[in-house]
Amino acid sequence: MSTPLLEVRNITKRFGGLTAISRLSFDIYQGEIAGLIGPNGAGKTTLFNVITGFYPPTEGKVFYKGEDITGFKPHQLVKRRIGRSFQLTALFDNLSVFQSVVMSQHLHTEVGFWGSLFHTPGNHEKEKATEAKTMEILKFTGMETQRDVLAKNLSHGYQKTLNFTMAIGTEPELLMLDEPLCALSPERVTAIQDLIRTARDKGVTVLVIEHNMKALFPICDRIMVLDAGMKIAEGTPKEIGENSKVIEAYLGGAIDVSDGR
Amino acid sequence: MALIKKLLPLLVVVALIIAIIPGCAAKPPEVIKIGIAEPVSGGWAAWGVPVDRGARLAIDDVNAAGGITIGGKTYTLEAVTEDTEADSAIAMAAFKKLIYDHEVGYLLGPMSSAINAIVQPLCEANEVLQLFHGSFPPTPDDYYNFRGTLIGEQYGSAAYAILLQLNPEIKTVALLNRDEEGGWINQEVARNVCNALGLEIVLDEFLDPHEEDFYPILTKILPLEPDFIGMGMIAPGYHALLVKQARELGYTKPLLAPTGSDTAIMLDIAGAEASEGMLAVGTADYIGLAITPLMKDVGERYLARYGTQDAWSLEYYNNILYIKAGMEAADSIDPTEVVKVWRTPGFTMPSVYGEVRWVGEEFWGINSIASCPLPYAQIQSGKEVVLGVLTWEDMKPLISAALGE
Amino acid sequence: MNSNNRTKWISLIAVVILLFLIPLFVKSPYWMLVLTLMWIHIIVAESFRYIVTTGEYSFAHVPLMGMGGYASALLAMKLGLSFWLALPLGVLIAALISIIIYYPCLKTTGTFFFFASFAFGEVMRLCWVRFRVPFGGVGGLRDIPRPDAINIPGLPTVEFTFLTHVPYYYLMLVFMLFSLLIMYLLERSRLGAIAAAVKESKVLASFVGIRVWWYEMVIFVIASAFAALGGSLYAHYTTLLVPIEFYWGLGIYVCIWAVVGGTGHFAGPIVGTIVFSLVREFLRPIPQLVPMVYGLILAATLAFLPEGLISLPSKILPWIEKGLAKVKER
Amino acid sequence: MELSTFLQMFVNGTMIGSQLALFATGLTLVYGIMLIINFAHGELYMLGAFAVFFFCEQLGLNYFLSLILAMIVVGLIGIAAERIFFKPLRGQHIPSFVMSCGLAFMFQVAAVLTFGIKDKAIDSVFPGVVNILGASVSVERLMVSLISAVLIIGFYIFLLRSRYGRAMRAVMQDPDAAALQGVSINQVCSLGIGIGAALAAAAGGLLAPVFIFNPWMGPVLTWEGFIVVCLGGKTSLPGTLLAAFILGYIKSFVTTLVDPVAALMCGAAILGLILTLRPQGLLGHE
């Protein structure tokens, strides 16, 4: 295979005494949908936060396209076209869907400061362009009907979608999704699954953390299983489904989660 | 509707502002307004309110005695108080309101020299007679500006001289003052006096005006073993606290606050033992230190009316007497005329201390300070004992010393 | 939308014209002074709100206002610069100092920022108290030069002395309108949008690629510059600067003006400032009770009008309309 | 410098520290439970002093009885204030801060109208001075420190042992979790601000004979209290104690060795540095 897009090398993260992640390594390759599963407290979200520079790893490094991005600030990562969504829907509560998505294109809008200050005609054109692009993105994720709703007034399903939409809005090459499918109605789940697939078809590499394995298996090319901060298995969904270690470690729980809603 | 919605808040304001226009009502001719601009609210009220009371007491007395008769016409006085909160912006507003809206011709205040610096030009320009009470010395071109009370030089020099008379052994001194503008001026005076009297200054410090715990600063002073601790502009309560705490830390030698010493508060806070031998110069106890029947009488009526005795209160009582005398002598209620009379040499005015003149030319180039005598007392076994009275003549040499001449 | 906009603009212009005409109605120099000071305070309160648009409340704002005053006053006194030169320079200096003050504060947020900014502002203020040269210590600076006369050929000279009232009124009014206009445009601009996003969620903002601390710093510096402008105008108007006046006292008042007026709306601080200043002046006969009235006003506002006094019309007008409707029915 | 002088500085610092500790404990409690930056805390201190003055000097009651009465009265005032003014704003820092400023104003005016503007004082209860290795300190100050120590320890025992104390700690750590465990937030809030106010009143009442007091003394103290609270880590009570003594020693030593203004400066500077370098304070948790 080609050189990996994202390389995680021996990441260890300790909080005081307890070790959240220990010596974890894996690669993400261009154009794949990789899944990352594990029971609660397996350190999935911690891993995301380490990769996205939320807090620095205790040991280990993260490489993106061969560049060491360990401990980079979020906005630097966004510059390098790494986008992420959040497990607990973090949104600009009092901004409308449209405004939020416009904001998400921060780095790709050429609207100049002085231009926007005095509303120059040239600036007007640029704003038009941004607007068009935003609508495009909204259509893509099927949120155009909600464009003027305040984020805080959206239904839970739409909030998750908006979270996803804003991640898309940053025009990432690597898209990291933190539990985009959990606690959603079946039709929403399928909708988002399709979105992820289409994103991949458009050349976006996707790394998904998920709890809801039923929903994850059909879309993933490759799945890694995390338990107590360690990678206990890796392979195609099929292999994982048959992996006894995984089943004992965890599978029971997942089915409960996916059904017991 | 939408328009009103948008406009309403600002419309209201504009309406308010326009509603104010008739704010400046014309005063009836037979009433003479006396403006008082002092901090009567906020942290400085303890200084501002008493003087306001003093002036009002005097005004009521004058009116009770049939007001002021000039050219066969009888006028009554009316006090108009505006709060300054010891804040320059609010003080400016207060003065402009008094001068332009109330159209007063006579003004008492302010206490703060800093504020006076910005409002005095107003009084000069509008020919308003101003009796101001800062510790800043006058300058020859302040024509309409008089000092209604004794100033730092008088108090400071007199007090130190008296102290040295009583304790000739004193050689070294530690000077404390509150860290504010009045305190600085006072400190400067104290330095000059000490140098003139040949005292060695072992410490020269300023204190945060709010500080009530003097242990730390005293810990700094005591090892220097000064023969006495001089405190300048310091409120009576704080003065008493300092005395109390100094005694607790085992300092047995004299302490002295040339201004704002209040025997009652001293005894209340520091106790008889600690305050034994304390010198009270310019005390608040007008009854105890009464040197004229009038002083005693006014002091008692003030006490009866307000339930307390306050430092500075009767100085403002005097000011009203000065103004009355000036008007009657000038046979006019026009401030300019009154100032003319006041500026004529040899003009004497009544006061609770007896006859006083405007003096100070030999030192500050203009006669703008009332020659009030200064009674002084000492606390002996829990009682205030009058030791004597310093007249202007007694003070002159001391002042020239204080001015470093 | 569009017609609504037009009414808005018409009413605004009407108000501005009214403000310019006020000296024709109000002859009392005292009220001129009150209004003049009010315009200065509005600049400060509005710039304080501009900081709040990022979700942070700064207590270094008023000390920085003082810094502007001290800077331009010292430039005018020690270097003999003209007011018209000292003012912009003073503002610039204060803005630079604001960088030093806010840089460490930016590591914190919320209540921590509140106190951190207070701490650094207080350190600066105590510097004025302690270093008598050049700041003049507690006595402060006196006899600060007034603006020199504006001398446009063909027009009568405009003098600024302790006796002039109207010129000062117009000076402050113009500066206030200028500041308000700039801050309004800034808020409408992209910077404003970013501020809104940052206020909502710093984390998410950073994950859509916004350099949060950088934009916060930009906004704080701009706000401080306007505060400094207010301070400088104040200094050259009262010709007196005393450190104690920039103690937390005024800081709290500015915070109260902004919050009670309503930080959510651009006009909020303006309303707050006007209401409180006028209350202060109308209650001059009972000075001891002023703080009580302040307390009652702000307690009532916070309890019943969470969006501040600015939301009063929108709360009341429906009632009035209902009342009118009822009357019509009968 | 002589040993005795150094010792004196140390003693002074300890005294200031213990006074601050008692005052700031209440402030921390109120912040920890309700997230209210209570600017009126200094006014509660002031009211405490005046209450003791009222009971002791004007009604002629015994000093300690007056002290207890003062604590109760001011505690009730605190609870009433919480119920009327702070409840609607719970969890909103700045509105509740502004509200507390309004409260402070009202308390000041109330005090002025009731007790007048003059500085007040109470006759010292424990006259006399003790001398410790050349460092002298008045008995009343020692007693103040001792009583504050007793009060603080008592409060801690209450916090650790009693049911309500545990509820408070739970709320201070995580209000939502506490609520889930069936803790009544309203009760805890009332209790918290009640105790906080009572402690402030105790500080005021204890220091009334040592110092003088007037209606405007509150805010200066409040800021010192805030410095202590932030230094100690906002919601950490042990941190508050530590910070109180640190600030006390700073005040004492810097005032004596340099000058008073420098002492103030150090206080503010340290606050700023702590907040920026270690935002969670000395003993606070991340």
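As written, the chain order gives the labels A, B, C and D, with residue 1 at the start of each chain.
As a working rule, a residue touches a chain if its C-beta (ideal position, glycine included) is under 8 Å from a C-beta of that chain, and two chains touch if they have at least 3 such contacts.
This is a predicted model, so every value here is computed, not measured.
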Both-way neighbours, i.e. chains that touch chain D and touch chain B: C
Steps needed, at minimum, to go from chain A to chain D via contacts: 2
Comparison of B-C and A-C by number of C-beta pairs in contact, larger one: B-C
Far-end chain from chain B, centres as C-alpha averages: A
Centre-most chain, if every chain is reduced to its averaged C-alpha atoms: C
Whole-Å gap separating chain B and chain C, where each centre is the average of the chain's CA atoms: 36
Chain A-chain C separation of Cα centroids, rounded to whole Å: 43
Chain A-chain B separation of Cα centroids, rounded to whole Å: 74
Chain C and chain D, separation of their C-alpha mean positions in angstrom: 33
Multi-chain contact sites of chain D, meaning residues that touch two or more partners: 112, 261, 264
Shared-contact residues (touching 2 or more other chains) in chain B: 45, 179
In contact (per the touch rule at the top): chain pairs: A-C, B-C, B-D, C-D
Chain C residues touching chain A - in the complex, by the definition given at the top: 185-186, 188-191, 193-194, 196-197, 200-201, 203-212
Contacting residues of chain B [partner chain C, same complex]: 1-11, 13-14, 16-18, 20-21, 23-24, 40-41, 45, 82-83, 85, 87-90, 92-94, 96-97, 100-101, 114-115, 117-118, 121-122, 125, 179-181, 183-184
Complex interface listing, chain B residues touching chain D: 42-43, 45-46, 49, 179, 205-208, 210-213, 215-217, 219-220, 223, 235-238, 240-241, 245, 248-250, 265, 268-269, 271, 308
Chain C contact footprint on chain A (complex, rising order): 52, 73-75, 78-79, 83-84, 86, 90-95, 99, 102-107, 111, 113, 116-118, 166, 169-170
For the chain C and chain D complex, residues of the former touching the latter: 57, 104-105, 107-108, 110-112, 114-116, 118-120, 122-123, 126-127, 129-130, 248, 252, 255-256, 259-260, 288-289, 291-292, 294-296, 298-299, 302-303, 306
